[in-house]
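Structures for review follow.
Both complexes below contain chain A, partnered by chain B and then by chain C.
After this line comes the complex of A and B, so read on.
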């Protein structure tokens, strides 16, 4: 298995394939919107998304500027995502809508599932392949690679994986693409750990 | 790949505390859905699939403990504490009342305490298709790792969070839900836990089925509404049948998703038409239990296994009159029939669709 691309974003900035992207460096609190503006894309749905979906959306937008995931058929791309906070941030906002603001908000409620973000990616890129969202205790490289191996055995040609969290004041997102060729898995594990800890 | 077997773990719903109890109650056309006072945001009395014996507080954790107790009683503790046993949990909201603390922490703690597990617990939270994906994932582990048994636990409990949410989407039905019926009005929410055990060899003398194949596919269309062409469901079922090496004609029965909303049920009829499955008998069990979210895939698979074991198809409670563009074969009455091969489908928020194919062991 081979790492063919990755993107990590947070309020501190964007790393694409491990390289800091100076031109995308956000400066204010509203960092996701700022990166969206710098990317100069026109996708109004972005503004409706919750923090999880925004982060996944942006990192995959940036990743696909350099990686050619779209060379694969729309059913050959598996999305394997995980986090350790589910949709906690959106859950709390939605609870606030009915406990404090007077009525349950349908637009907040639909984001109270973590897999909405994989749905947003599928819609944006017209990817019809297999999806799964896992809740893990912590970022676990071995677990991701085990799942990736399963999806390759089942016929996927590439696996787009992601670790995306939004809870308390933590906002983090790492997406990485793995193809079924070359490289030994020990090197791949080290690469992914280095990226996560970067 | 070698054969994969699957048998009953347990099934807890408003109408029964085991797979057998539930099947008997369903044969008697009992429904677990009843009006629950002040369950709505504006104190409406919504019809819900509520387990009345669960405490007001801590429903999720209590339900999970009951499931564990049933599992130990039925299978002994060695099966779970075996180092070659893996546990996969399917839940959308788990212990939602734990917020702002980790809503999945109690799941891991209870399972570790009650079942003395040796391995890490895998948790899948992928909306209403979680259960079917969890079973598919269990098969992946059996096919490609050293695990010999995988226990799949589907569970979700009722909460204001969920009821208010579906109410805010105008998706709740004011009467017990009527999947696929002309006069369907929406979803009833329910709570349940369903557990199956997949393995490389039969684990006991009880009824087993073979898991033949499964898959998922995204609609790539809308985060909270189904595709108008049933694209994701079409693709997933097609792929599952390919993986299972079965054709449409070989499917004896479909355990459909059938939430009772106008759009969902219509979408399913479109997908089944495209798949040449409109004549295949099908039901939705949401009329018996409501929509139990992360548990739905599990309890519906368990009920389907009971139908295979008893060669009896259960009717789709609430269905009276054709209510979809394509004339699918919704079961109006219980029917005795040799049932060898079945298809289970699920669709959900996030545009997800999943399916799997099971065959009776000979």
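After this line comes the complex of A and C, so read on.
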């Protein structure tokens, strides 16, 4: 298995393949919208997404500007995402909508499952292969690689993985692409841990 | 009327949870569904709630929605006519 690309975003900035992207450096609190504007993307649905989906969307947009993932058929691309906060931010907003504001909000309800973000990515990029979303206690490299191996056995040629969290003051997203070739697992694990801790 | 449009834009942002947007991002005559704001059928439900809660207007015929929710202009005109 080989790491073929990665992108990490947070309010502190964007790292693409480990390199800080100065031109995408956000300066204000509304940092996700700022990065969206700097990317000059025209995708109005972005504004409706919750923070989880926005971060995954932006990370993958940035990653796909340099990755060769499009060389694969969409059925050969598996999406494997995880976090440890599920969709709690949206869950709480949804509860607020009916407890305080008086009526349950359909547009909030849509995002009360974290795997909606994999659907958003699938729609945006027309990737209709396997996708899954797991809730894990922490970023677990071993777990990701187990899932990657599973999907390679099922016919995937590349796995786009992501760890994306949005809860209270934590907003983080790391996406990385793994292909079924080359590098041994030990090196790959070290690479991924280094990226996560960067 | 312009006050109503400004209020409507604020209410749309609040009701539809478009946290990133400001009223100035929404043009009076821009389509709300499809291209413009990229809204869909889920959001149409939000508009129905918005009209009922804020203006006491109930849309009796759902088929009217397409025309009423076309833009901030059409929404404001409908409210002015029916409030």
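Simple rule for what comes next: the second predicted complex is superposed on the first by the 198 of 198 C-alpha atoms of A that agree within 3 Å, B and C clash if a C-alpha of one lies under 4 Å from a C-alpha of the other, contacts with A are read in each partner's own complex, and residues count from 1 in each chain.
The rule we apply is simple: a contact is a pair of C-beta atoms (placed from the backbone, for glycine too) under 8 Å apart; a residue touches a chain by one contact, two chains touch by 3 or more.
Here the structure is a predicted model, which means the values were calculated and not measured.
**Student:** Touch check for A:196: first (chain B), second (chain C), both, or neither?
**Tutor:** In the superposition, A:196 contacts neither chain B nor chain C.
**Student:** Looking at the overlay, what does A:44 touch: chain B (first), chain C (second), both, or neither?
**Tutor:** Second partner only.
**Student:** In the overlaid three-chain picture, which partner chain does A:119 touch, first (chain B) or second (chain C), both, or neither?
**Tutor:** first
**Student:** Contact-wise, after the overlay, does A:32 reach chain B, chain C, both or neither (first, second, both, neither)?
**Tutor:** The second partner, chain C, only.
**Student:** Which touches a greater number of chain A residues, chain B or chain C?
**Tutor:** Larger number of chain A residues touched: B.
**Student:** Based on the superposed arrangement, let me know which partner A:153 touches: chain B (first), chain C (second), both, or neither?
**Tutor:** After superposing on A, A:153 lies in contact with chain B but is clear of chain C.
**Student:** Touching A:72 in the superposition: chain B (first), chain C (second), both, neither?
**Tutor:** Neither partner.
**Student:** Taking the superposition as given, does A:93 touch the first partner, chain B, the second, chain C, both, or neither?
**Tutor:** second
**Student:** Answer with first, second, both or neither: which of chain B and chain C does A:105 touch in the superposed model?
**Tutor:** After superposing on A, A:105 lies in contact with both chain B and chain C.
**Student:** Between chain B and chain C, which residues of chain A are contacted by each of them?
**Tutor:** 103, 105-106, 110
**Student:** Help me check something: in the complex, which residues belonging to chain A touch chain B?
**Tutor:** Residues in contact with chain B: 74-75, 79, 84-86, 88, 91-92, 94-95, 98, 103-106, 109-110, 112-120, 122-123, 125-137, 143, 146, 149-150, 153-154, 168.
**Student:** Which stretch or stretches of chain B touch chain A in the complex?
**Tutor:** Residues 41, 92-94, 96, 99-100, 102-104, 108, 120, 122-127, 133, 137, 140-141, 143-145, 160-161, 164-165, 167-169, 215-224, 231-232, 235, 239, 243, 349-352 of chain B touch chain A in their complex.
**Student:** Quick one: which bits of chain C touch chain A in the complex? Just the residue numbers, please.
**Tutor:** Chain C residues touching chain A: 15-18, 20-21, 35-39, 42-43, 45-46, 49, 53.
**Student:** Given the complex with chain C, which residues does chain A contribute to the contact?
**Tutor:** Checking each residue of chain A against chain C gives 30, 32-33, 36, 43-48, 93, 102-103, 105-108, 110.
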